[in-house]
Structures are given as C-alpha cells and as structure tokens.
Amino acid sequence: MTRKILGLSAMLLSSTLIVSQASAETIRWARASDALTLDPHSQNQGVTHNFAHHVYETLMDRDVEGTLTPRLATAWAIKDGAPDTWVFTLREGVTFHDGAAFTAEDVVFSLDRARSDKSNMRQLHVDVAEVTAVDDYTVEVRMTAPSPLYPNNLTNTFIMDKDWSEANNVVEVQDYAAGEDNFAVRNTNGTGPYILQSREVDVRSVLTVNENHWAETPPEVTEIIYLPISDAATRVAALLSGEVDIVQDVPVQDIERLSATDGIKIETGPENRVIYFGYKFGDEPLASSNITDSNPFNNPLVREAMELAVDRDAIQAVVMRGQSIPTGIPNPPFVDGWTEELNTYPAVDLERAQALLAEAGYPDGFSVTLDTPNNRYVNDEAISQAVVGMLGRIGINVTLASRPVAQHSPLVTSNETDFYLLGWGVPTFDSAYVFNDLVHTKEGSYGAYNGGLYSNPDLDVMIQSLGTETDLEARAATVAEIWDVVKADRVLLPIHNQVLAYAMNDRITLPVHPENQPLMTGVTFAD
Amino acid sequence: MTEPLLSVRNLTVEFPTRRGILTAVQDISFDIMPGEVLGVVGESGAGKSMTGAAIMRLIDRPGRIAQGEVILQGRRIDNLPDAEMRKIRGRKIGMIFQDPLTSLNPLYRISEQLIETIRTHLPLSETEACKKAVGLLDDVGIPDASRRIDDYPHQFSGGMRQRVVIALALCAGPDLVIADEPTTALDVSVQAQIIDVMKRLCAENGAAIMLVTHDMGVIAETADRVAVMYAGRIAEIGPVRDVIKDAQHPYSSGLMGAIPRLGANLERLTQIPGSMPRLSAIPKGCAFNPRCPHVMDKCRIDQPQAVQTAPGRRVACWLYPPQDGTTASAERQSAE
Amino acid sequence: MLAFIIRRLAQSVVVMLFVALIAFIVFRYVGDPIASMVGVDTRLEDQEIMRERLGLNDSVFVQFFRFIGNAAQGEFGISYRLQQPVTELILSRLPATIELAVVSATIALVFGVIFGVYTALRPKAWSSAGIMALSLVGVSLPTFLIGIGLIYIFAVELGWLPSFGRGEVVDLGWWRTGFLTESGLKSLILPAITLSLFQLTLIMRLVRAEMLEVLRTEYIRFAKARGLTQRAINFGHALKNTMVPVITITGLQLGSVIAFAIVTETVFQWPGVGSLFIVSVQVVDVPVMAAYLMFIALVFVLINLVVDILYYVVDPRLRVDGGAGK
Amino acid sequence: MENRTLFKDVPAEDLIVPVRVQGRLARALDSDIFYSWRTSPVTVVATLVALALILMALFAPLIAPYDPFNPASLNLMDGFTPPASTGAFTDNYFLMGADNQGRDVLSTIMYGSRVSLFVGILATLFAMTLGVSLGLIAGYNGGTIDAVIMRITDVQLSFPAILIALLIFGIARGLIPPSQQESMAVWVLILAIGLSNWAQFARTVRGATMVERQKDYVSAARIMGVHPILILLRHVLPNVLGPVLVIGTISLALAIIEEATLSFLGVGVPPTQPSLGTLIRIGQQFLFSGEWWILFFPAVTLIALALSVNLLGDWLRDALNPKLR
C-alpha cells in the first residue's frame, strides 16, 4: 500500500479513499417495500420484522435451515415439575444502543408489551399467563396450559429497553386510532448488530454497525443502505445499472437474465410458504356458478377431477420458470409433519378428469369465478390464469377475478369467494398452525382463513388436542393422521412451495432465508 | 406636371386554389398624386381592399402579386425585401383599417402602441415620442389626451378608437394613407367626424389618401378622383365631379344613380339588378355583362380595355371602343 | 378585487367540501383497511379489536363529520400503513413532488412555448411539420412506456443516469432538496422529461393554435401596416395575446402535473406524494388517500385563484369589467 | 342620415376561398374535406392504419390464427415461444411468438384491440353524449344551471382523467358484489373513462350554443313556441357537430391510452380477456428477461392505433377549422 506514495496530495487522497472503502463495506439493499414501522410490536409483518431484526433482537432466532438458534436467550427449557412453564436463560454482557444493560426486566417488559391489547404480536402470546424475572438473567414464562412449542412463537418478538420505553412514553404500543404519534414508531434503541442512523419512509434508511455488539465476530457489512423500490422493473434496472447491491424480491422471469449478466449472481432457496387453491364447501349453490341446484365443489369427484386437470409441472416450468417446488400437500417441507409421501401428486389425466366430472353429474362442466390476488405472491395472477386454462380443458369454465391483496383477502376471511388462491406461511414450523387456520371448522379463534368453510368434526377434535399434547410422539402421530385425511379429502388444492431468489453483486454472498428474513450480518464478501 | 406619389401599373393579385387560380385584382393601373384623395369604390369583393393590401404587401397567403408594379416616389416597392418594405409601412404609407374595435391590441396601452410605432420609424427618445403621441391624440380630437394616453383600448368608444387608429397611422408622418373602409364599422353619427379628422390631418401633413369604401356618398364628399372597381377590375376612373355628373361605364352610372341628394326623390335610389359574380365564376368577356342594360354580343366574348375618354378619365367598356391603340398602361392625366 | 377574491374563496370552499365528500365516500368502500393493515396471518379477533379502535364500526355519517372536522384543522389522522401522522407524511413527501413538478412544468412551458411559437411562425416549414408529427407521437405514447423506455436506454444500457429515486438530498430543515447535489440533479432528468412530455405537447399545440389565431387578427395586420419589426409583432404583440388563454390552461395543467406524477413517480420510484398515494391505494391506507385527494383539490383551488389573479394582471379588460371570471 | 350603404356587406374571404366549411356536418362532408384528405399523405396513411386495425379488431374471430380465450386450444407449455416459430408442445405456429400463458401474441393483439376499441369507442360515445347534453343545457339555459355545470366542468378538467377514473373504478368496485365484478369490469371501465372525459365536450358545445342562442332564427323559433329540446336538436346541435367530431376523435385516442394506463395500473379488464393495455402490463414484466415480443407487439399496436386516431383528429381539426377551446 505504501510503496507508491510519492507525496502527491491527489494520490494521497485517492489512496485514503480506497483504504476507508476497504475497511467499511457498504451494502445497498433493495426490496419491494419498506418496513411499516419501527415499533417492534406494532405490526406482525415479514418486511417489518426483517428490518427490525437488524436493530432489535429476539430471544431466539431461526437459521437458514429453519432451526431455532440462541440469540438473547442462550438456553430455554420447560421447568422441572411445572410442564406449563418455560425457563429462559439470558445472555450476559449485552447492552442496548444507548449503553443501558440488557437484563431480565427488559424481557419481562417486552413480552408483556408484545401481548398487550394494542400489540399486533398478541396472537403469538395468547397462551401466556405470566412472565416473571427470576434473577437478572433468568425469565420464567407461565402458560395457561402446557405449550411444548411456545419457543417457536418467539422468533419475531423483539426485546426493548424498559427504561428507555418509560422515558419516552412508549410503554404502550401506539394507538393510532386515537391519532397518537408514538416515539417508538420512528426511534429505536435495540441490542441489534446495527444502529439506525437515518430513515426516510419508503425512500431510504441508513444503518451502521454496532461496535459494541455481543457477537464475537463482527459482521463484514459495516453500513446498510436500505432502499425500497416498489416497481419490479425499476428494481431490476437498479441492480443492472449497479445502483444497488442486493435485490431481495426478484421477479422469476428476470432470474435468467440477471444470472447471465456479468457481475450479478442469484441465490435461490425454498421459502416456507405454500400456494394453494381453496374451494367453497357446503350444499349451498355457488354464487358465481351456472349450476344453481348444487355445489359442484362439495362433490369429492369434482375435486379429484380438478386435481387431475391441473398441471403443476407446467406451472413450475413456464409460469414459475423452475422457481417453485410443486407439491401435493398444503404444507411447506420445513414444517414438522411434512413427508415425501404426502408431497406426491397425481399425474395429469384429462380423460379421467372428464370421466369423473361426468360421474359427478357435470358432464358439460360448469362455470365458476376464481378470485386471485395480483400483488401478493410470486406470479399469483399468472398461476391463476394458467389454472383457468387448464380447467377449461375439462369443461370447467372459470372467470378470473384479479384484485390487489387488500381487496382479495377480505373475500376469503368473510367467505365471499367460491374459489380462491391463497398462500400460507408457517412461522412456527409446526403443522398445527396450518390446521388451526385452514382446516378446522370456522369457530372462535379457529378456521380464520378457512375461506371455503370446510368442516370435519372428527378432524376438529384431533386438531384441538394438538395444542396441549406434551407427548411429542403421540402428537406427531395425530399430525400425520390429520394430514392423511386432509390429503384424501382434497380439502385444498396445493400447487407449489415458493422459491425465493435474491439477486446480488457477485462479490457478495447472502444465503436465502426460508422466512425471507435475511440478516445482513450473514453477508460475506469475496475478494 | 408633377411626379405621381404612387403609381400602380398592371397590378394583378391571384389566389391559387385547388379549383384553379382566382384573380382578385386584374391588371389595374392608376396613379395617386401628392396630397390628392383618391376614392376607390365598389361592392365587397370587387378587389378594392385587396388593391390596398397589395400596395402594402399585406396580402395573406396563398394570395400573391402575380404581375405588375407598384412605384412609390419613383421607387419600385413591390419587389423590395421584407426588411425594406417594413420601413415603408407606417413611415411612407400609413394604413387605417375598417374596424377600430379589433385594430388595436387590447393588451397594450395606447401610449405603448403609439410610442412603439413612433420610435420604430423616427429617432426620438421615449419622452419625445411620448410628447409627440400626446400631440397626435390632441390632433385627432381626443379630449384630455395627456391623461387618456395611458388608457387601454377597451376604455375608449368606437369612434374614439378610430381616432386613435388614425393617430397611429399618421404618427410617423406618411406621405400616403390607405384608408380601408375607415367608417364602415362606426356609428353613422360619428362617420362624418372621422372622415373630417382624417382629411384635415392629411391635408395638414400633405399626405395623400387612398380611400377605399363602398359608400359613394363618402367619396362624393371627400375624394378628388374616384376609381370604380368591379370584379377585380377598374371599370372607370376620373375626377369625382365628372364621374358623378356623367358616369360613362354602365356600372358607374348605376352606382351614381344611387347617390342620395338633398331634395332628391327617394325613388331614384335604385339598385342595380343582380349581384356581383363570385371570383370563381366571373363571366367571359366583360364581367358586368349579365347585369348590364347596354349589353352587346361583343361584351360576352371579349374583355374591354381601358380607354381614355377625356383628360384624366378612363373607362373600360365596349361602349367606348379603343381608338388607334390607346391602352390603359399609357395613362396621362393632369394634376389638380 | 377583494370582493372578487372573496367570492372565489367561497366557491373554493364549496369545491373542497365536494371533494371531501367524494374522497370520504369512495375510500369508505374501496376494500377493507384492516385487511391491508395486518399481515395475512393476523387472527380475526385481533382484526375486530383494531376495527373498533379505528372507529370503523361507527356509522358512515359519524365517520364523515369526524373526517371533515379533522380535515379542516389539517388533521388527517395516522396512516394505517406507516403509523405516522398523514399530514407530516405528505409534507415530507411534498418537496420531491413539487421539485419534480416545477422542473417538468418549466420544461413543458419553455419548450412548449418555443416549439409552439416556432411552428406557428413557420407553418409550412419541414421542421414544423416534423415537430408537429413528433408531438402527436408524444401524445400517443402512454407515460409508463416512456418511463420504462428511458430507464432501459439511459440507466440500464448506457448507464448515464440513475434509474430510481432522487439521489442525495440536502436537508434544509423544512425542505429536502435534490437541487444541490450532482446525483440529485442527475436523478431528476429522466422523471422530469417523462412527466413533461405530455404537457409539453399539449402546451405546444395550444400555443401554436392560439398564435395562429392571433396572427390572423386585425391588430396584428395593423401592427404590420405600421411597419413594426417582425420581432416586435411576433414576440411583443402576438405572443402576449397568445399567453392569455395559455395561462389558464397551463395553470390548470400544473395542477395536473402534480397529480399526473402518480405514474411517473411509480415508474421512477420518485419519493413524492404520488408514489405515496399509489402505494396507499394498493394497501387501502384510507387516511393517506383521503388526504391526498384533499391536497390535490387544494392545489387545484389555489392554482385557479392564482390563474384568476394572473388574468387580472395580464388582461386589462378584466380590470374594468370587475373580472367576473370566465 | 339614413343608411347610405348600397351593397350588402359580405366578408371578402367568402368570395375568395370558394367554399368555407363551417358547422354543418353535411357541408363538412363536402368534397373539400376529401380534397384535403387526399392531399395529405400522412392522413391517408393514418386512415389506412386505423381502418386496418379496426377491421382487424372487428373480424378478429374470423382472421385470428387462434382463439386466445378458448382454454382448450392453449397449452401452457407453449409459453414464451419466440416469434416466427412453432410451439414446443403443439404444432401451433406463432408469428409474433407466444406469451407467458402460451397464447399466440398475434391473436391476443387482435382480440385485445377489440377490447381496447370497444372500451374506447363506447367510453367516448358516452362522454360525448353526456358532455354535449350538459353543454347544450348549460349554454341554452345560462344562469345558475350554467354556472353549476361549468364549475363541475372546471373541477373535472383540473383533475387528471386517470385519477377520476381510479376514483370511479373504486366506487364501482365498492357497489358491485364481488361475484359480478368481473363481468361488469368492461362496463365499469367504460363508465370510468367516459366520466373522466366529458368536460371538453361540454365546454365546447356550451360556447357554441351560447353563440347560436343569440341568433335570430333561434329567437324566432323560441318565440314561435318551439320546444327547447327541438330547437337544440334541430338548430343548435348541427352547428356544433364539427368541433364535437374533432374532440371525439382526439378523445378516442385519449380513451384508448387511458384504458391502457388503467390496465397497466391493474384496474382494467381481467387478464383472461385482455385489452392492449393489459397485454402491455403483462409484457412489461418480461422487458429484462429477453421475451421482448410479449411487450413489443402490443405496445406497437397501441401506439399505432393511438397515433393514427390522433393524426386523423388533427387533420379533421384543421380541415373543419372549428373554434376549438
């Protein structure tokens, strides 16, 4: 480095610039949307959590394989003699960005805040009865009933500093109905590896590395410039023109072009999210159908015919350009209860499908409207469009109704749709999460997204037993049993699991995170 | 014999259209002497306004001067470059348009329009030009001129505006003023005043006037000589008194028969039957032949040439056949 | 003059109320705000709690009057999506949009007038025919295609200009400007051109038509007959008279430049109110959408007022007539 | 002194330019129009292009190589077939390539133009009817009615059409039950575009009506007790048809582009029955991935259509020389 210094100030200047660049690696990270808020308990939404994970930390984390790893908690176990209580051992020597020490009272405060009425994280902690600090680095969480899988719910619950929160009047989560502004929405004080320097909503945020972070090896990235770019073409253009280093949401059709471009590479990996179609059940005729005396979907033969008509492989090859994993079960492979056998799906057989339709009493097919979101999942509208064509070939005349997700999902939750596309992610990595919301009869807190009102009392009993079963083997057997029924009854028509693709500057390596929440601490540079 | 101020020789104005070339003005010739008032009379479309516009070179496209010469003070001006011609407009030849309501730019004060025009032509300072402008407005009879000069056109009545227009036309001291129907758009009660103002000022400045009008009465009261136009041609030209007293062209005599006189029997106010032809349908031979009470076979075949019938009088009619090669272009006349 | 302005203001209030009503009614029916505020995984009972907290279960009238009352105080509540005061959000986005709109409007006006005058003065020239034909192509190209095309050529293929955002901005305390940095200025070029093209062609054609009309008037003929220079006639007399109608249309167009920026801002990821609006529409962020509509209405009302006053200044005839308006 | 004028004063231009076409449609269709059409090569080409596109749209079911709306004829595996080649899984030949659903781009353009033109023409007719009616009413009645209508016109003109269309689309979405929304989508689109374009008509017609109203024959008819509607239809309307025709043509081009923009923003017709705008929105996703034909051909068609209609409007404006504005 020093060999060439000849005293020319210009040379000096430029070489110091090079030095400072080499020691400080900046990453310009683009994705489709910005974090909604900086308040860690205010929104239960992936993009928001992803951003928060850089500033705040959780008790435990999930690595790229999907297994739980220690973070602010170094160990966790069910308390001896008390099957309804979890004990968490906390990491020592951790400080918040403002210098305050991290202790058990912060965890108690944060969990209580996260399960308060105004918190959007509340649902993950509904079974918590009480959180207590045993000593500075031990916390006990007592549940209303034994909850063997509760730690799975903690991967997005961030820990705030109690004193800071009290000082800034953010003990409660923001009540925006009351028109209140809240300090925590725009200011942070976490323990995380990065410190927020500036933020312009929807435009750019700058984060710099936390020199005092507890991790032994400091991250290679010392500065993050976070750039939300909503338009897909613009996002890709920005990467092609070298204005950003990482694009997290890459349209599948651009993967090929990007990977063929010098200086750009693609990382792909499966996401913990399944895409499926749902049917309206029950005897009521369908609102959008020409069949006015019966509900074709209620007939298992029709559902079988439709499964035989849908060519999952063609969707994968053309619509998804290979970027999906076709599946025969509405359950991502990361989730407990997934098996290779369940995942199989029948080959396309149009003749048999037509025969089945005829047998079911619909030799001329029928008509129905398919509701699809058009801005939520990877190529959601194109998948639906392809399925419309495939069903058309066996005489089912499908009208496609495509809407932004904001207008689509109310149709599903209020059961106003006959036939719909939806995606389901499983943050707990446990099948019960799927059964509770998609399979269980819609009642109380169950079946919220059971858009077709499927109901099977036998299954309901089994599903409810999963919540409190502490014998993990017996629980797994029940899960397998439920899956067999769900598959045999064709409750849903699963298509594929999404594959995530990150495109980046080729001197960077960033593995794909199954929940699409990559941490920039995981970025490595090739030299 | 003085040199004519303006000579128009064989002037022809054409408008090419897709249905052929229309001739708006055909082969006309006349002179204007310094200080003289020449009236040009005829029906609308007879080509009289077009003649004035042609002299000023203000014919709108696609119209063009197809032939002929315009000579001002011995200098040919019909082929001058635009920049040269611009210096003649306003400075040598002033022009007054028909409608005072539309002749003035509504967005500029009277003072601005006057001073701009004065300073375009005369090497005067702003204040000198302003002083001259006030004087001009006084001259044209605008009361309280020094105050009203800063008004906008819409603040004046029609008659007052025409006075402003006259001031504008005269402000650079032209030798000739082409007044194109200067009173037509005005209230009858102010017409005479405007003519008076115009005539008085021109006389004071020694400027000649070419007064274009369809109103024979105005001509009778104002002009020294008159040219009667019909369908783009000059039917007859001569001293006003002579023409009124003894019109030679059947068209002129029709016109003159219609001039009201004090005590005259109103029944004498007869109109000429029929109407002037469209330019696209001018009959062969003499253009007037379908309406002419004296029409002859020859009139339907050949176009009559202008013939000198008396000193300073010419007429184009087969009633006055040409004698030994007298042609229109060899015009001779005496100055008054 | 004062009475005239007061009357105009009264009309403006009516217009604002009308727009407020539309804004409110429309967005009360476009999708479910709750569905967009929460993740797809939020339980329904929690959604119901939020609905109650936001007052979405009150009667429509109660909600409307609450809306009007708050709007009058510049209070549009808290964005459902970003949980920040809407007024503050819009104000923080406003500089970007205004800078873009002003630059675009200036480009449109300057080149529109130049081309318009040029083609009017040389109606038969080849170059005029070319400009006119190009202007039609400009009108026939959808804005989004122009934007995408420009990005593809100048950002991706040539790499001359940035493809998104507004580059480095300098914070002046109450205004973030992109005018003071090189990257800020470079970032402005493509969006400003994209946004200005449509208005440019419009203004150009308008100026040309008006100018041709004015050039045929009697006072221009009279000005020629007085021997005024071509320059004085074209640029003094004709242009000034041409400008009267041009001012109205251009004034109104400036309002639509701000609103029209929606598409441009989306394509170029320009951090202005337009892109804020379109994102808000997608997620049904009702307070932001309502505030945006009100904002546009306010811009419209203000511009109309300014145009009326400008008329007053430019056209002396109105000063006497009392300027009752168009 | 009584009027001494002997001759009725006729503006000189009337005699010079043989026939000045003003107002009446009948006279507008006089051969002068045809002459100015014939002598403008650009206009002739524009007319031919517009005609070709309209005929193509009209007869799409007869001339399109495939029916892109018939799922049975499609094979998804043909998706992304490049232009001028045969699909990988069927023997279908794709002159302009196949899109992401395996549809023949040429056929989708033919059918898409049909949708675009249908929406554009109906929306324009709707806007025309509404605008002309309101303009006639405002111009004929004057007073408060006029003031109210013109105020609304001002408001409408100050909001970009796209914003208004988005609003109307939003309202319609809220009022129509979800199961009906798709079948109604085209009509909602027509309504939305129509309602965002009527003001120009209203303003022009109102101006012309106010002029006509002053004329003697209208006063005479009014005194004779002719019904106002009859006066408007018989006397006033024919006089404003020229400008209305010009604005109508330009509005048609605007409506086509507006439909495309709305579809691009995702609020247009469903992708299974695409318009040109929807096709562009779909194709735009493939701009960087190399399947240029999915965007290129529909975009070129849209531009050709809009441009040729605009050129026609421009020519018509000059030919009829109405006092626009």
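Observations
Labels A, B, C and D are assigned to the chains in the order they are written; within every chain, residues are numbered from 1.
Everything that follows uses one rule, which is that a residue touches a chain if its C-beta (ideal position, glycine included) is under 8 Å from a C-beta of that chain, and two chains touch if they have at least 3 such contacts.
For clarity, every value in this text was computed on a predicted model and none was experimentally measured.
Here A-C and B-C are compared, and the pair linked by more C-beta contacts is A-C.
Placing every chain at the mean of its C-alpha atoms, the farthest one from subunit A is found to be B.
When every chain is reduced to the mean of its C-alpha atoms, the one closest to the centre of the whole protein set is C.
Subunit A and subunit B have centres, each the mean of its CA atoms, that are 90 Å apart. With centres defined as mean CA coordinates, subunit C is found 38 Å away from subunit A. One inter-chain figure worth recording: subunit B and subunit C are separated by 53 Å, centre to centre, where each centre is the mean of the chain's CA atoms. Here the spacing of subunit C and subunit D, counted between their Cα centres, is 24 Å. Subunit A has residues 233, 237, 240, 375, 404, 407 in contact with two or more other chains. Among the residues of subunit B, none is in touch with two or more other chains. Shared interface positions of subunit C, i.e. residues touching 2 or more other chains, are given as 30-31, 148, 152, 156.
On subunit C, the positions that touch subunit D within their shared complex are 11, 15, 18-19, 22, 25-31, 132-133, 136-137, 139-145, 148, 152, 156, 209, 245, 252, 255-256, 259-260, 262-263, 278, 281, 293, 296, 300, 303-304, 326. Subunit D meets subunit A in the complex at residues 70-72, 74, 76-77, 79-80, 100-102, 173, 178-179, 181-183, 266, 270-272, 284-291. The part of subunit C that touches subunit B in the complex is made up of residues 216-219, 221-230, 232, 236-237, 240-241, 244, 314-317, 320. The touching residues of subunit D, when paired with subunit C in their complex, are 42, 150-151, 154-155, 157-160, 162-163, 166-167, 170-171, 173-175, 253, 257, 260-261, 264-265, 277, 280, 284, 287-288, 299, 302-303, 306-307, 310-311, 314, 324-325. By the touch criterion stated above, subunit B contacts subunit C in their complex at residues 56, 58, 60, 82, 86-91, 94-95, 97, 99, 102-109, 116-117, 120-121, 152, 154-155, 165, 168-169, 172.
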